[in-house]
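Letters A, B and C mark the chains as written, and numbering starts fresh at 1 in each.
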């Protein structure tokens, strides 16, 4: 997982055997030079072509779009749509005007939402995976149960939450107010300030199984010998979790947290189905904002510009993140 | 490595540039007759579900095929997808020949130039403009331009009321003005403990339909005659405030309705939890929800004073579905023949009966089915007191911006925060700033 | 049962605090997970007029008719089949392609490796809304140029979804394969397998938990995607994630049927995972080594 930023990924390996340097092991058996050099590229080719076709090329077109005035008037033939240089960007970052101010507000809401959601997803997923590392009765079943939020169609799942969060008839208010009496009066969850927490709840409910799944798989990679050695040293279970399990999960976590972050940040379905076309101010997520300007108000140029800004921000965050986490890991390896 | 990167970049760029260059794909010439034996038709979902639509439409399409030999390939496109599908079809030139559109989209879609304009000649080929009701024709595109579509089904708002609750609260006549509506609402609340009026407060489009009509009644249009946004006029502010006050001040709408966006207000009404509902063609849904036809009554939607009419006496938007032809069609004559068939008297009667809507075609309205108490009320509203939503290309921006502003104001009212003229104006001002600058 | 094959941790007996906190935590978590499922179940058993009524833990009137009606309100069976086909095909292709790519990155040194991995990961950042329209246009143009119908067809959707799950799958598997000891494939190579033989006979089985996780992930990604499916499919190729919205129309919203249908279609998916989950713990540590 260190591959990207660590220049010689794979080499600082401690296993005996031929160094995994420039010449791969098969070199000894495969004299064909072309074949030897070509093989890794051949293996990468399908992935590369597919990403190129479905992600990169449309993405570049998207960036081109962001420099154009692409509205209902020019949509039909966007090759000839007028260039606007940075106009779309200027409107988006003009924080004195309504559009820019809304965008900035939406950006902060999205950041807060993402951090909270990712943190909770990761905590729940990791805790559940560690607790379920040892076999116990019903573990397989429980694992399947935990995957249910992931398997249920998003539309129905979110609509169910809408039902539960309803002011008058919902389960949440029924429990909080009628049965436990912890709130005075019934709070609103789908409009107003509480809608932020409603969004976080649904997002965590839907995404934590992914963290659980990946951490569970990651745990299988921790060499058993480490635990045995620790047991011989007399360290207890909590200590083993702290000193062996969690550190061994670091490579998995590095990618997991990053990917969770990126998805949550770009998540469209959950807020859209929860709040409809216009989200309450406190839960006004960027993806909805961008969807609104692109598909609802038909200003694809401006929507694209906002997307590109978002992308630049994510690139910055990801770059910094990878740099920091990988440096940390390299230091430990050394 | 450097060379591979550069090469890769070049390929990428070439491909990317190729994409927008091929966009559109059709010239503006306006269709051809290369494929005269088939048509593709995107129908909107009008019945209880898409399967019902197919059952309604398939026999009619078979009739059309028998008459003309043209086979119509039908796809019922759900509302959640229709606009996006139309947008992608517009951009790529890959669309159906004939399609249904929501009539409020007419001007926006007209601006794309992807739809066949219904100029005098085209209208002649389907029997002329005069066949259609005026309020329906007004919702087919920007004024002064050839319509982008032809009216197909019409609907209007009306006041549905619960007969039993009204009787028990001692209300003999359904309210005809807003004051009477508020009084009736207070009365059922006092006598029966149920709320007066239902609303879909979190649904921007519903909010727009209501405040648009109230705006008309206050003499405000939301757009200047030149098509510029004008949300903060005195009338517009008063209209929005009056609507929000139904919850905030008059306590006729339950606070919980501020979060409704899934037709919960219809189900509340069907279950007798609210006494009144302003809705378009609710009869079928009320039946599904278990309310018998005999249990509800229908009256024209309220006005400020007097009786419904034009100008400040408008009491409904002209809701409905239009039919349009994509310019890029490869069966232009067939497409026009199909529109003529669907807007013909015979089909208008059959289809509008099946969907509970009102025919926008005058001659089809003569059928006795459209002269029952319920259908008469809707028909008369359409004929005399319905107005088209602003026919400007920025209509969807208007719906989003103002509809959401009303949603936020209702949310404030529901949370018990005060709603004042200045807070309404501030919200509308913010909405106006979000409109595209010209 | 691979489940019980290897005790995962040391023979140290789990301390009481661990057992208790585990019971408490897992109970609470199950409650959180299952609460909406319970609401769905009880809503799916109510007549339509009761669904949006005040919440009660037990439904007043129970009916099974939503479970019969779901099949005729929308072509549920067809949507279900479409979803299974699309998600299944996208998953198989995605996992195979990802395994190849991850194997190359984890076992070979070559030029452009970093560029590849970073590029692949960066595609995860692209907001779908930005490239939805361009992708549609690209598919249309490919269709016009070559006659291969990518929009409106299952093929186009499979292609799209397969690339959605690919980046994370590649990254996840690179990490996983790197921790599979090289002695394993060295040994296979010495035994006369080619590099691909080594990959499939030795490395893949050893990396099973990672591959299973990636499989589940790819499937779910394709299974739940809404935005692209709504534009890239038509009536015949529509998938469940989009098609379910057909229960909600302008005039009527069949909430009970939405819930019933969602539960019905999720059962096979969860059952499939129940069968698959045991391989999450098989793999190299369960005795493949030595």
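In this text, a residue touches a chain if its C-beta (ideal position, glycine included) is under 8 Å from a C-beta of that chain, and two chains touch if they have at least 3 such contacts.
Only a predicted model underlies this, so the values are computations on that prediction, with no experimental measurement involved.
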item	value
Chain whose mean Cα position lies farthest from chain A	B
A-B against A-C, pair bridged by the larger set of C-beta contacts	A-C
Mean-CA-position distance for chain C and chain B (Å)	38
Geometric centre distance via CA averages, chain B-chain A, whole Å	38
Length of the line joining the C-alpha centres of chain A and chain C, rounded to whole Å	15
Multi-chain contact sites of chain C, meaning residues that touch two or more partners	52-53, 133-134, 137-138, 245
Two or more partner chains touched - positions in chain B	19-20, 22-23, 84, 87, 91, 93, 262, 264
Two or more partner chains touched - positions in chain A	56-58, 61, 65, 159, 166, 168, 295
Partner chain A, residues of chain B touching it in the complex	12-13, 15-17, 19-24, 26, 83-84, 87, 90-91, 93, 108-109, 111-114, 201-204, 254-256, 258-259, 261-262, 264, 393-394, 396-397, 400, 403-404, 407-408, 410-411, 414-415, 430, 433-434, 436
Chain B contact footprint on chain C (complex, rising order)	47-49, 51-53, 72-75, 111-112, 115, 133-134, 136-138, 140-141, 143-144, 151, 230-231, 234-235, 242, 245-254
List of chain B residues in touch with chain C within their complex	1, 4-5, 18-20, 22-23, 25, 45-51, 75-81, 84-85, 87-88, 91-94, 262-264, 267, 270-271, 281, 284-285, 288-290
Residues of chain A that touch chain C when the two form their complex	1, 3-5, 7-11, 13, 15-18, 20-22, 24-26, 29-30, 37, 39-41, 43-44, 46-48, 50-51, 53-59, 61-62, 65, 124, 127-128, 131-135, 139-157, 159-161, 163-164, 166, 168-171, 174, 205, 209-210, 213-214, 216-217, 219-221, 223-224, 227-228, 230-231, 236-238, 240, 251-252, 255, 258-259, 262-263, 266, 268-269, 287, 290-291, 294-295, 300, 303-304, 307-308, 310-311, 314-315, 318
Partner chain B, residues of chain A touching it in the complex	52, 56-58, 60-61, 64-65, 71-73, 75-80, 97-99, 102, 159, 162, 166-168, 188-192, 275-278, 280-281, 292, 295-299
